[in-house]
Each structure stands twice: as C-alpha cells, then as structure tokens.
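Look for chain A in each of the two complexes below; its partner is chain B in the first and chain C in the second.
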Partner chain A sequence: MASDYFPPFIAAQLNYLITHFPQAVKVEQAWSGSRNYPGVLDRFTLCIPYCLDYIKWDIIYNAEFPLSAPDVVFGPEDEQFHPFRLTGSEGGDEAKPLKMILSDWSYKDPTRLCALIQELRNEYILYQQKRAGAVNDYRLKFEINTMLSREGIEIQVSSGLEKPEEVKFAVPLLDMNINKMVHGCPWRHLQKIQLQVVYPIGKKYTPRLKLISTTELKALFSVEDVKLPTWVDGMCMAEYLPHLEESLQGQIMEAVSSIDVRRHFIEALAPLLGRPLEAEPIFCRKATFLVASGAFTFQAHLSIPTQFPKQQAALMLMSNQHFNSHHAPIRSALLTDYPWSPRWDISQMAERMFDFLLDEAVNFKRYCNEMQL
Partner chain B sequence: MEAVEGEGSGPPRYTLNPTRICGEDILFCVDVDAESLMEMKATGANGRPVTRLDSIKQAILLFIHSKLSINPDHRFAFATLSKSASWLRKEFSSDVDSAMSALRSLSATSPSGHADLTHLLRLAAHEAKKSLAQGRIFRVILFYCRSSTKPHYQRSGAQKLFTLDVIYLHDKPGPDNCPQEVYDMLVDALETVSEHEGYILESGQGLTRVLFRQVCVLLAHPQQRSPQDFIDFPKSLAKKLPLSEQTPGAADDSVPSQ
Partner chain C sequence: MDDLPLQKIAISGPTLASLIQRVSSSLADADGLLFGHFSLVTPSTLSDDSSADPAASTLVATITSFICSGAPHSSFDTLARVSSGHHIPRGTHLIGWFSGRRKSRLQPSMRDFAVSASLSADPKLSFPVVSSTSSRFSPRVFLLFSTPPATPETATIHTHEYRAYHFSPATETFEPKSVSVVNIGPGFRGHYGNFSPNSPFPLLACELRGSSMMQEDIEEERLSVMMQATKDKKELDLMVEGFEIGSLRRLMGPEATAYTAGLEEMYEKMLTKISSLARLVEKSSARVLELENHNSKIRADIAGIKRAADA
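Let's look at the complex of A and B:
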C-alpha cells in the first residue's frame, strides 16, 4: 500500500545500512508484523551479496516494542547457522562484537543495524568455512587449508536435496588499483575482478571456473573476452591462480594502453571527418561526426570496442533530412562489415574509414529516400 | 583550450584530452511570436505549407534523437518566448515521447511587440545552479523568428553559469526590417552570458534542410567545442585533395539549392 511506511527509527537504521555497508545491500520486500499497526512496516528481507551471489535474511523488528533489537531469520539452507548462541566457552574473541551490539542495543542509534549485519556476515563467512572444512572430499580439504589465508576469499557450500553437492569459492584477484591506471577515471568505486570456482563434491571433475567483475569495468575491459588458462587435472588453486593473475594483469595493462590507441584513432579521423560533435574522452569508446555528401548531411556515430583494433569499430549513420512517421530521423543498421586490417597504422585506418563513408553515403541516401516513400 | 599551432591562422589540431565531460541539461526556448508562422520554402506531405514553427519542432526532435544516440545521459526541457519567456515543460527528461507531446502543444501567439530575454536568462541561471549541483552542465538553445524586433535584456553582473546557442530564422533583409541589427543583439547576448563558446547560426533562405543542418551543428558538446570561426563541420566527403591544396574552412551556410 502506498501509505505504508517505516517508522522513523527503522528508516534511519535502514538508510544508514544501505549507504554505509561495504557491499551493495538491497531491500527485497517489506511488510507489517503488527495487528495493531497494520500500515507500519517493521519487517523486511535484505539481499546481501555473498560469494558472488546473494543471501537473504529477514529482519524482524516489532513496531509495538521499538526498544528491542530485531530478530534475524536466516535462509532455510542455513539451519545450522547459530551466531546468537554465544556461551562463555564458545566463540571466544570472535563472539564479542556481536554480543556487544545486541546487549548494548540502542534504537536511537542509526548505525546499529549496519554494525549488526556486518558482524553477522563475518560470522557467516566463518560458518561457511567450517561447513566446507567438514565436507568429505580430500581435494576440497586441501584447497580450504591452502586458500583460507587468502584475504577476502568467500566460500559457500550449496546443499543438494540430501547432502551438499558443490562448494563455491569466490576468490578476489589482482591486488592492483585499476582505477588509478585510467587518466581522468570516472569510476565511483574501486573496480574488482573475482574468480568463481565451483567444485563438485566427491567427484573428480575439474572445477567450473568463471571470471566476474564489477559492472563499470566493462568500459575498459570485458572479463568475457578473457580466455581462462586450462585447469590441468590434479591442479589446485594455489597453482592455478598465479598463472591466471599474471595473464590478467597483462591483459589489463594492454586494455589501459588500448585507450590511447582509440584516442589517436578518433584524433586521426578529425582532419577527414571534421571535429567530432562529441567524443567520449576517458575510455574513447564513442565519437560522433557531422558529414555531408553534396547537399545530403548526416551524422556518423562510431562505437569502438575494447578489442580494437583487432575488432573493428561499428558505424551507425543518421540522416539529418529524412524522418519516419514518428518524426524520428532515419538511421542505418550497425555497419561492421567494411574493409579492415588491424595491421594498418592509425592514419591508414582513418583514411580507409573515410573512403568507406564516402561510398556508403550514396547507399545510405538511397536507403533514406526509399524509407521515406 | 588547445594551443593554436603554426602561425595561428588556421584551426588548432584536434586533440581528445582525458578530461571528463558532463551530461547536459538543455532548455529549448522557442519564439512563438506571430512571425513563427512565416512559411518555409517547403511543403508538407499533404501539400500543406510548412511554417517556421513546424520546422523548429522537427529540428528539435532531430536534435533530441541525435543527442541521445551520442549519449543517453542528456536531458531536455522546454520554454516559449513571446513578450517574455515562460515554461512549457519544466522537468528535465531524456524521454522522447514526453518531448514530442510538449512540442505538440507549442502554438504561435499574436504579435508581441517586443522580446525581453531577461526572464529567460534569470530562469536559466537558476536552473543552471541545480544542474551544476548534480555534476551536469546547462545550456539554452534559443530559436528566434522575428526580423524587426530586437530582443533586449537587463544586464547583470552575474557569473556565466550556462551556454547560450541561438538559431535565428528571418526574412531576407529589406527596407522594412532589420535582421542584421537583431542578429547583432543576439550575438551580444550570447557573448555576455555564455559560459562556454556559444554558437549562433542564422538563415533567411527559408530552407528546412539548412535549419536541420544548423541544429545538428549545435549538437557539439560545449566542453569540447572549438571557437565558432573554426567550425569545420559538416565536413564534405569529397575526394581528398593533396595536402597542399587543402584549406581550413568554416561551415558554409550558403548551400546551393538542389
């Protein structure tokens, strides 16, 4: 209902959580648990990034008892996760922060929920590590023993119908600040690449591997373009990762120097196609030119891929004089099939693009005239 | 922002520096005085004459589609000018359908007698501050249609917060009008208020093709512009001459009619 709302003290804690939590947390749904205050939202489901996936926890406040700390209900597959069972003999130093947050709960303090979820997530990491350590698979035991010391690693034991079937690892890669390598970098967050390794339990198959990056990195470098080194039978992560990281580091450095290749290409086009109307100046992936063939004026929109010049740029032409029934200018399809060689030097590439446009202008004008009839 | 090379007689060589550019908030201000109903030298699909206002609407749509193809982050709002400026659609948006419905509601007024740009410039300065706070830049594109009414405005010592571009459609100069004086006033306004290089383009030919070409020149992002004297687009895709025979040129507005 549009009139439903979070009471101010919950709203303050939730807002603080969303803006300050190290990972991007989302609220999936919210509802009211109170018969007496039906429009007051005091329960919600949090989606928390974990191990390149999400875990969902229900946070249960009580609008009728605002002074109390909320309860947290974990997912059905985590029945064995009991971070609140804190006796003097268990947990030791690890249990302390959680115990303090709960015993010292102040509903007026907007930072509390964030601190609680952060501690619970830390506990969850340890819980998953223990679960993985208990799995009856010698290969996995070896991996866990060797990899646990690696900073930032997260593990998830996925449960099958009767017993665990897979163990997933999310391994942060490359201790390099890619943001700092890009001149004028516009990224708000540090870009990261992780390797997802999925081990089947009790089977001898090589693990499934996938590279995953933060979204904004795509402007510079696509992890989908990376050919992963082969996982040789009998290998372990400690052996595999250095090869992968070395290869990735080389590819990222190449991607960074590719920016200037694209930059120079756009600059080389300017004497031939005129000064660009607009060119994307940081990653140099796009540029638009205004050109004329006789009295026919049109725009040439250039998209340059990260794999340029191995992969050629795509062109889209837009007429300034022909419009469809919605009064939108008529445009061409994406043109990628023109003569090209990555071995040409930059000025040759620019000249050949000019030659292509010179010829294509005639075809495009004919196409526009036909579309308008 | 580029050093002029050689003896400074030609346009500087283009360099694409790794300097961030901002999304634009663009306010179209359309002169809806009676002279906007002057006919262009074209007829519509059903033989109906096309007015300046009709062509301006289509030119704005051409601009919006083009600008969003360049970067979907740019946004647009609309105002009209008769005696003074008033909002047509105040909210900035990149939605093409809502731009179309705003433009559909544009209609001409009876003759206004004078054109005061003061309110337009104040409103633009106010909106520009909001855009700047969001990490965006602000631009006004004024379409002016009157051949004898010189626009005026109160000068203020205000800082230059936005870019002003003008497209001026007028009658051919004659004893009963003064488009040159109007043009000079518009240049004066542009040079006084514009933060980045503002462009002013004019035509008395009444050709829609020329208007559409001019509006596309205004697609140039203010943070990457060259001075107007050095505009070298639309670039003619003719067979290339040897380097020694090439001369740098400004856009030629006097296109021979087809």
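Let's look at the complex of A and C:
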C-alpha cells in the first residue's frame, strides 16, 4: 500500500539508528501488526552487519501501545542467543546496560532503538565468541586464544544442515584512520579493511582468506588488486597478519599519494586543453575537458585508475555535434592505446595525451559522421 | 525432581479456542497467564512386571484457564517481572504464560525468554505437583501464538499458529512440546479428572435452619460456622428474592397443584431479573467499550497515528 507509513515515534528512532549506528544498518522489510491500523508499520527486519555478513533481527513494536519497549526476535539460527535475562546464572550484571535501556524506555527519545541495537550487538559478539570457544578443534582454539584480544575482531560459527560447519573470523586490519588521510574526506563511516578467515572445522585445510573493504573505499583503493601473501601450512593468524598489514599499509600510502599525482595530471592538462568542464575534486578519479579541433568540438572524459600512474587513464570521447537516432551524443569506445609510460613526468604525460587527442579528433569526427548517416 | 521431563501439555478444546479468540481479537500483541496443574502420569504397561517405577512416570501439564488483558506487556513489567495482584483461580496454579504476537515468526523472542526465565526462577511461584509428594514445580509452560505475515492473497484468511514450549530452568532453553487438545468423548475419559470447575456449587448448609433442626444442636455449633451459615443464607435469600427455601416443601403433596401459579410467578420474576441483569451487562459493556475506544484514541494520538475516523 502506498499509504503505509511508520508512526512518528518509530520513524524518529529508526532514522536515528540508520544515521548514527557505527555500521551501515538497513531495513529489509517492514509490516504492520496492528488490527485497527493495517497501514501503520510497526515491525521490521533489520539487517545489521556482523562479521562481514548480516544478521537479521525482527524488531517488534506495537503502534497502538507506543509506551511499550519493542521486542526482538533473533535469527532462526540464533535461538540460543538470550542477551536479556533478569536473573543471570553467571555474573548477573552482564546485561546491565541492556536492562537500563529497557527499564527506562521512553518512546519520545529517538536514541533508544540505536542504543538497544548497539547493546544487543555487543552481546551478540560475546555470544559468538563463546560458541566458537566451545568448538572442539585444537587449531581453532589456538587461533581464538591468540586473536581474541585483537580489537574489533568478530567471530561467527556457522552451521547448517546443508552447510559444512565452519568458523569465520573478521579481522580488522591496519590501525590507521584512512578517513583522516584523505583531504576533504566525504565518508560518513570509518573506512576499514578486514581479512576474512574461514576455518573449516575438523579438517586440515588451510583457511580460506579474503580481503574485504567498505564499499566506499573503492574510490581510493581496491582490495581486489591486493595479492595476498601465501598461507604456509601450519601457519597461524598471528604469524600471517604482520606481513599482510605491512604490505597493505604501503599500498594504502601509495594510493593516498596517487590522489596528488592524479590532481597534478589534471592540472597539467588545463594549460593545454583549458579548464576542465568537470573534475572530481576529492579523489581526482574523473575529469572532463572540452576539446576543439577546428569547428569540431567534443568532450574528452578521463577516468583515472587508483593505481595511476602505474596504470594509464582511460579516455572516452563524446561529440557535442553528432547525435545518434535516439538523440544521444555519439561516443567513442574506451581508449587506452595512446602513448604512455609511467616513467614520464606529469607534464610530459599531459603533452602526449594532448597530442593524441588532436590526432584522434580527425578519426573521431570521421567516425561520428559515419554513425550519424 | 525439578528436572523431571515434561512429556506434553494438555489443554481442553474450548480453552484453546477461547485463548486463540482472545489473542486474535486484541488490538495488538497480547500476553497473559496460564493456570492449571502439573500431574504425574504413570503409564500402565500391562506387563507382568508390576514394579511401579516412579522414574518411568511422566509429567503432564494441564492448562485449565487463563487470563489475558488484551494488551502487550501487560502481565509483566519491562524487566519481565510478573506484575503482582493477579487472582489465581481456586484449585489451580500459575503454570506458565502465553504471548500472542501478530505477524511474526513463531520463535521465542528476547522478551519471551526473559519472562520465562524470570517466572521459572521465582521461588514464590512454585507449587506441588499433583499425585507427587515431594516435588515442587515452578511455572514453566510457554505458549506462543502468531499469525503468519499476510500476503495480499491470504489477507482474507485468518490463520493462527501456536507452539508450546517447556522452559527448562536448568539449561535455560525452550524445549518444544506437543500440545494435546483434550475434547469430550470416550477417547478422553482419562482426562476427566484433570479439569476442575472454576466455581463449584455452593454448599447449602443453611436451608433447614429454624425449622426442623433441633434447637440444642444449634447450641453446639461453633460461632464461626453459625456466622458462615447466616452469610450463606443471606446470599441464598438474595438469589431467590422472597421465595424461601422452606416453601419448597409445598411442591410436594396435595398442596402442589395449587402452588403452580406461585412457581410460575417465581420463574417470571427470575426471568425479569435475568433480563434486567442482561441489560445492565450490556450497558456496562457499552461503557467499557466507550472507555476502551477513548484510551485507544489517546494512545493513537501519542503514537501519532492518523485514525481513519478522524480524517
């Protein structure tokens, strides 16, 4: 129904959660549990990032009883996860902040849901650690003992009927704030690179390794370009990580300095081609110049890779004067076969590209005329 | 004995039906308390080995009644502690609780666990098991009701799902249990003893007072019994409205035929009384509904829900 909406008190708490939660949570599905107001949404499934995956929890409010705190139904595989108990058998004060949040619930306070989910997620981390600790595998026990003190590490035991039992680690790498290294950083969430280590239980395979970064980081640095050091048989994480971190750190520093190289390159093109029509100012990955060759004008779109200047920029030309049958401007294919050497200095790179553009203008004009016919 | 396994949960068909009706007709999610008793059932093996092994007997929880206020989180506070002041029906015990959650997965929630844990851990709420001398049991039955998330195709079909759990205090886990719905019929004769009436017929200890009762016998009665009898008589007199028990005698013998008119008059009086009572109930129900609507409007205002009626 188009008229479905969250009542204001839920909407306020949900918005606060989405904008303030340290991880990027999202609402997968929302529906109504109300008998009288079927269009009023008061329950929803939250997808919360955990261990490089999502955990899905159903948050159950009652729109008609706004003063009551919401209830949570955890995932079907987490039936043993009980973060909230009144009389704890061990300790008892374990879930104290959680009790505070619930006993002191106020529907008017938009921060409550966020605090609740944060607290539950903290409890969930401990719960998964306990589960992993109970797995009977000597190699795994060793890894957990040595790695658990590492800040931000998350562990997940996955066991399903059809899936093989395995334990996943999400290990945050590099104790450095990449956001701060980027001048004019546009990212709201802290950018992170994590190593996913998947241990099959009870088998003597080497763990599966994968580098995963926050998606926004791709503008600066692509983890897919990183070649992971090989895992030697009998190795453990504590041995493996320092090398990886060291090489990653170097690559990130390089990626950050590559921003300046790209900026200089765009700046070096300006005296030759004129001021760019458009240039992406933070990561300097894209720039558009207007090129004139006699009466023929076209736009040259540059996309500059993160590994610039090791990899050259790709060019795409777009005519200002020729249009195809759909009235869209005619474009060239992506051009990367122009003269290039990473050893040239910036001004030479710019000059060679300028020369290439002037030569290519003739070809491109011919191509445009042919396409238009 | 506390970890004696619960074999199953029994509930009579009408009780289950009225539970479902109550849950489905409430405005939002609703919870409430379940009353009944636990009993030990020793299976008859019909073999020659007649040694009655107490370990072989199983425990059955029987739900005989419930209360539901029709609102979420009503019987328990935010921290899942049982709200005080609940009236437990005579002859039963608080054996557990139920939660009705609309359109949600049929899986115990965070709160369900907290309430079950808090109920089963409260020593004040434990009670003895029927036909067992030593063991005491805490409330540990949990019934979860839900309606599946509706799709447009199934919007007109009302589906109710329920699942019963035994909450094990030792392991703090929910164990799914089968529910046996007890209906009337020869197959369920064994259960007849498990259900006791909620309002037993009052003892009529007073009807012959002052007529044929010997005076000296009254002297021997203790004062408290006398007072109870007077109270009972007063209540009874109120019920019959002037038609004394003593005059029942006139229903027998030669007087009877002449007395029919009087009897008819009594029935008519009763009918008038019943219909006036019905009207009173109707009026007060209307008033309750009016108040409930008013409350619901206030709640909707707080929640900021636009009501169709106000638009």
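Descriptive notes on the structure:
To be clear about the criterion, the second predicted complex is superposed on the first by the 351 of 373 C-alpha atoms of A that agree within 3 Å, B and C clash if a C-alpha of one lies under 4 Å from a C-alpha of the other, contacts with A are read in each partner's own complex, and residues count from 1 in each chain.
Here is the rule we use: contacts are C-beta pairs under 8 Å (C-beta built on N, C-alpha and C of every residue); 3 or more make two chains touch, one makes a residue touch a chain.
All values reported here derive from a predicted model rather than from experimental measurement.
Legend: residue contacts after superposition of the two complexes on their common chain; A:Pro8 is shown touching chain C, with no touch to chain B. After overlaying the two complexes on the shared chain, residue contacts for A:Gln80 are found with chain C alone; chain B is out of touch. Contacts of A:Gly184 after superposition: chain B is touched, whereas chain C is not reached.
Of the two partner chains placed by superposition, A:Gly202 touches none, neither chain B nor chain C. By the touch criterion stated above, A:Lys99 is placed in contact with chain C alone, chain B being left untouched. Of the two partner chains, chain C is the only one touched by A:Pro66; chain B is not. Judged by the touch definition given at the top, the superposed model places A:Pro229 against neither chain B nor chain C. Touch criterion not met for A:Pro172: it reaches neither chain B nor chain C. Listed in rising order, the residues of chain B touching chain A in the complex are 11, 13-21, 58, 61-62, 65-66, 69-71, 96, 100, 209, 212-213, 216-217, 219-221, 224, 226, 231-237, 239-240, 255-256, 258. Listing the residues of chain C that touch chain A in their complex gives 25-29, 71-73, 78-81, 101-105, 107-114, 117-118, 121, 149, 172-174, 296, 299-300, 302-305, 307. Within the complex formed with chain C, the chain A residues making contact are 7-9, 31-37, 40, 43, 58, 60, 62-69, 71-74, 76, 79-80, 82-87, 89, 99, 102-103, 105, 107, 120.
Interface residues of chain A facing chain B in the complex, by the touch rule stated above, are 183-184, 186, 259, 263, 266-267, 270-282, 284, 286, 288-293, 295, 297, 299, 301, 316, 318, 320-321, 323, 326-329, 331, 354, 357-358, 361.
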